[in-house]
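Two complexes are shown next, each including chain A; its partner changes from chain B in the first to chain C in the second.
What follows is the complex of A and B.
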């Protein structure tokens, strides 16, 4: 146990199945009598559906049925709901246009589902789908974020004039205006946060099944949060009560946000399984993922920072247009508001901040949370702006940050944008990063690069994120239509082993290991005796799932709370058996001990007594040892850190090489450092990917998706990225949850983009390039260099 | 429909399939070997890599009928008598997998990398990164995958 508890790099128990090909992902499951669905999708970004002719497809070999919107409507199937309501300026509710499961009347983005073909085999379904004839009348298109609100832009939804979903603000505009009026320096920046495709390596899949004998529906799906899908699909779309609907998310191959949302295909296979009387399976191919998984980012922003003569930040002003795509995905409205504007203070004591956000509809795939979700966008603009301020004022980039950081002594710190930070030592993290990178030696390294004909640059980025959205009542007042607590059940078995049921879900995070470490340590039982169960609504009491780096902070806290209940009950049982008062019992290292004596019972003995209650306080206490806890967080947690990147740019080819990358992160207490480092590595590469290679592009004129496969959407490969130096600082644990944990899933992605781009700009600034947008591909860099020269 | 016969993980297998059936579909759907994954439809991600006659190949880019008589090894065939292959061991030791979806293809490709350089005294990080070009991992950032392959190199050299 000594090497399996909190803080140990325990090797993962999930790995054996994944390394031997015995994991069970949704597409690996075959149900008896299963048939296959193929979705017919719009090839046009915006068009009127004049007629759908399914006759030929219905006659094709192996076809069981072809369904369109009319069939769903006849059964009273509802539209896909949005889970977050944002109120704009003057409390104006956002526009929430209908989001039908299958398009009716109009298609609004490439990939908008129009019909579903069900056939005996996968290829028969795909072949028959080719025979569905849809007569489209093309409509004018808008895909550009910046152009969506122009008066001449085509309107997507009748109830959304100027394609506006909402026009929202946060902060004190008057205070910001006043600060700008007296500022010694004003630094302005316009930037684009490029659209990304999440690209979890496992494409989405879903199997619907209906049991006539019991009237129960089952959905197997690639989801990060099976209970949320059950709630949304059951209550809003298919009107199935929750006790008749089971949702299973088995092994899931990555999510990064894209598997949070309730998607049309889930409702379609669940509904169709009952219609055709057979289990119905659908698996996306990658091209389909590109047009049907919610995408990420896509902001256009103007921002400005006001500084006094000493480089102290006085005020920040931000105006952002955020692209929602053709419809509202499940949590889309919350991302560029409550997960974005609230983070604009960053690590700095900027006294006044004002942010305006316009969310717009365009003929593009819906946008929602993608790893980091709003927070990378906030970090990116702030850190680009800070670095530009350093250049403009001539103050060193580290020094200007030092002058403006919120000191550790100021915690808890109320920002002007709603959040209250509880902990963090921002200065220490940056100083450590500067030391590890050898900041003082940068000039010499730059000179050395120059001798080799290459431009070297260094970039800093500091970030803070708010994880574990909380508390539920506050989230509710901000528009969340669900609670944001987490649930855990600890079920002791009579002979002392334990099954832990958690409402979180793993899709790469290794919860089966981390949570087992936690339970093993807290209950003092061997880790082999702990099983972690998740992902099945028939097994787990309830849960909100895994996203926003919430699992350890919220789910782990729920486990601790359930453990506390177990220990409290165990004390009563032990007191009875050992014939002492309850207050004399201490629980330590898996033993209930009579204080000051060697009289004790082990956890296992107490569990056995609870299930075989022969000598047991039956009058006061129920038998059994099984406790459930709901944990609603008191506040967000605030992981933070400092990333430093050094790049070398090839002047002839525009290729950017990352020479060094250092990440110093404060995640509070670390349960498994190996897993935490792995999360950082993966996050960093997603941030670097956005900065250097990834870009989701729609053609402005035709609205076609130009990056619809891996041929055109560049995924970061092993030789695009370096090895990393990562460290954690555990000296400032979270003050309001029982473990002191903060969460680590998104940090890498939040900090990396700004660090890379600041380094690229620093390298290019030496030859007169002052600004460049992401991604800094060789072509973009080469073009910037060329333009600067002429 | 033609019948295809091949040796998969040491066992002779025969099944009918359409001419257009890809090897990966044949393995997953006809043989129930779901360890080999499909991550794309453009031959880029490498989730589907298996060994055909000793060489790593993307099984989404070869037809089942092209492999008549071939010896195929999939991820399911690597561990012998419950003992992991050194590459699998090193992936576990160095936390080179998270969601596990890219893992089967990664491991098969990684063994190919080491096989190609077995005769050389050392294996450079740059070489490993370059030769991993055809395998995407969205979770690990490659850092630990590279570490695992470098660590497996001396073990596999024997």
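What follows is the complex of A and C.
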């Protein structure tokens, strides 16, 4: 236990199956009699469907059925629901256009599903899909975020004039305007937060199955939250009551947000399985993922910071246009509002903040949460703005932050944008990062780079995120259409081993190890005796899944609550058997001990007594040792930290090399430092990916996706990133959950982009470049250098 | 992937006969371009004729002032060959920059040059070294081989059997990879043999080409400084989301300069 409890770098028990190809992913599952679906998707970004002719496809070899929207409509199948209602200025509800499972009348993005072909083999389904004849009438296209609201832009949805989903605001506009009026310095910045493709290693897949004998539907799917899918699909789309619908999310190969949402294909295979009387499997190929998985970011922002003469921040003003894509994905409206504007205080005591967000529809793949989800966008603009303020005022970049940080002593701290931070030592984290990077030595390193003909830059980024999503009452008041608690069941088996059922889902994060460490430590039983079960709604109680770095903070807290119940019951059992009063029993190191004596029962003995209750307080206590707890967080958690990046730029080619990257993170208590470090590394790579290489590009004129494969969409590779220097600071644990944990899944992605871009700008500023947008590809950097020269 | 007939060729003649008698025959050497194309249903050949089973098409030898590489020689073999490293180290380096280890263990020099992808690496060396391309019918000089985008002097059913590379005094290859695909945005192969210098460029244009102005300047002074002021016109160069024609033109000069530095060093 000493070597497997909280704080120990226990090797991931998942590694064996993931690293040896013995995991069970959705596509690894084959059901008896299974047939295959191929989705016919729109090749056009915006077009009217004049006619669909499926006759030839239906006659093709091996085909069981071809379905279109009309078949779904005949069965009363609903549209895909949106899980969050955002109300804009004047309490005006967002425009929520229909999101049909299969397109009807109009297709609104490349990849919009139009028909489903079901055949005996995958190849037969694909062959027949080519025979589905769809007569499209092209419509004018808008893909650009900035141009979507122009009066002459083509409208996607009749009920959304100017393609506006909502026009929303947060904060005190009058206070901000007043502060700008008296500011000594005003710093402005226009920037683009580039659209990203999530690109989980495992493409999405789904198998629908219907058992005629019991009337039960089963869906195997690549989901981060099987219960949420069961709820949304059962209640809103297919109208299947929950007791007749089982959703299984087995091993899932990465999600990054893109596997939170309820997708058309899940409803299609579930519905079609009953229609054709056979299990129906669909597996996306990579090209399909590029046009059917929800994408990320895609903001266009103007922002400004007002400062007094000493560099103290007076007010922040932000105006953002956020691209929703062609339809509203499940949680899309919440991302550029409640997960974005609420984080704009960052680590700073800026007294007044006002943020306006216009969400717009365009002829692009829907956008939703992608690792960090709104928080990287907030951090990016704020930290770019702070660094620009330092340049403009001549105050050192670290010093200007020092002057504006919320001090540790001010916790809990109410920001002007709704959140109340509970903990954090922002100054300490930055000072540590400055020390690790040897900030004082930067000038010498820059000179050394210059001797090699290279431009060196340094960039800081500090970040804070709201994780541990979410207090249900708060979420509800902000428009969430669900609760956001988590659940855990601790089920002891008679001979003392335990299975823990969690409503969270692991898709590579290592929960099976981290949670087992936690249970092992708290119950004092060997880690080998703890199994973590998740992912099957038939097995686990109703929980909300994994996203927003919530699993340990909310799911872990639910486990602790359930453990507390187990221990409380165990004390009663032990007191009865040891013939002492309950108050005389103390639980320590896996033993129920009579205080001050050596009389004790082990956890295992108590469990055995509970299931074989021969000597047991049956009059007062039920047999068995199996407790469930729901945990609704009291507040968000606030992971935070400081990242510092140094880059070298090749002036001739524009190539940016990351020379150093330091991350000092406060995740509260760390359960498994090795897993946390891995999460940070992965997050940093994704943040660096957005900053330097990743970019989802649609052609403005044709609306075609120009980055529809890895030939053109650049995923960061190992040789694009340096060896990271990362540390955690556990000195300011979360104050409101039982473990003091804050969550670590998204942090790297949130802080990294700004650190990299600040370093790039710092390097280029020496030769006259003042601004550059992500991604700082060689081509973009070269262009910026060239333009600066002329 | 659509269905097709898979044929194992027993000899070069047999391969040619099979391809020409099929309704739409296609040679497959390493398959590193063909297979992904088939998987995406972008090609629908009736017959794919696998050259891997043809004896004698792979191998490396040195004969006098010539390095001879069989068409079916894999990139990894060229990259690791002691003969290539000794005779033309820049060519071994070039082979090691292609794709990833899986691609290098399957892809072949003949397949690459026959395909003439504008962003492939080998065409820079074929042009830069002035190689002779041997086919089942004839020999073709490098300068008259590359015709356009994915277009070469090869006739229907004509099969490359080997390459003869004249061994230069010095050579260098510099590649600026596409960040996403790692194909060459621009690759420049520079070779000096006696008083003659050749500069072969890939990636920048529809197919590999020479830069006579650079060759002349380098013949007079084989040093990076000789080319750094020579600008290539962007007219007719490739332009895409990764690199404009202007950027490619600029990179030709930068890569040429660096290739010369490598060759001279």
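Here is the rule we go by: the second predicted complex is superposed on the first by the 790 of 790 C-alpha atoms of A that agree within 3 Å, B and C clash if a C-alpha of one lies under 4 Å from a C-alpha of the other, contacts with A are read in each partner's own complex, and residues count from 1 in each chain.
Simple rule for what comes next: contacts are C-beta pairs under 8 Å (C-beta built on N, C-alpha and C of every residue); 3 or more make two chains touch, one makes a residue touch a chain.
The structure presented is a predicted model; accordingly, all values stated were derived computationally and were not measured.
Would you check which partner chain A:684 touches, where first means chain B only, second means chain C only, and both and neither mean what they say?
After superposing on A, A:684 lies in contact with chain B but is clear of chain C.
Who does A:507 touch here: chain B (first), chain C (second), both, or neither?
After superposition on chain A, A:507 lies in contact with chain B alone.
For A:199, decide between first (touching chain B), second (touching chain C), both and neither.
The first partner, chain B, only.
Quick check for you: in the superposed arrangement, does A:707 touch first (chain B), second (chain C), both or neither?
second
Thinking of the overlay built on chain A, is A:21 touched by chain B (first), by chain C (second), by both, or by neither?
Only chain B is touched by A:21; chain C is not.
Identify the residues of chain A that lie in both the chain B contact region and the chain C contact region.
The overlap between the chain B and chain C interfaces on chain A comprises residues 123, 287, 710-711, 715.
Show me the residue ranges of chain A that touch chain C in the complex, using the header's touch definition.
123, 126-127, 287, 652-653, 693, 697, 706-707, 710-715, 720, 777-779, 782-783
Note which residues of chain C are touching chain A in the complex, please.
It comes out as residues 1-2, 40-41, 176, 179-181, 183, 241-244, 247, 250-251, 254.
Residues of chain B touching chain A in their complex?
Residues 18, 20, 28-29, 33-42, 44-45, 47, 74-76, 78-79, 84, 88, 91-93, 95, 97-104, 107, 125-126, 128-130, 132-133, 135-147 of chain B touch chain A in their complex.
Which residues, counting only chain A, touch chain B once they are in their complex?
Touching chain B from chain A are residues 11-12, 14-25, 27-28, 122-123, 199-203, 251-254, 256, 285-287, 507-510, 674-675, 677-679, 681-686, 709-711, 715, 717-719, 721, 723-724, 748.
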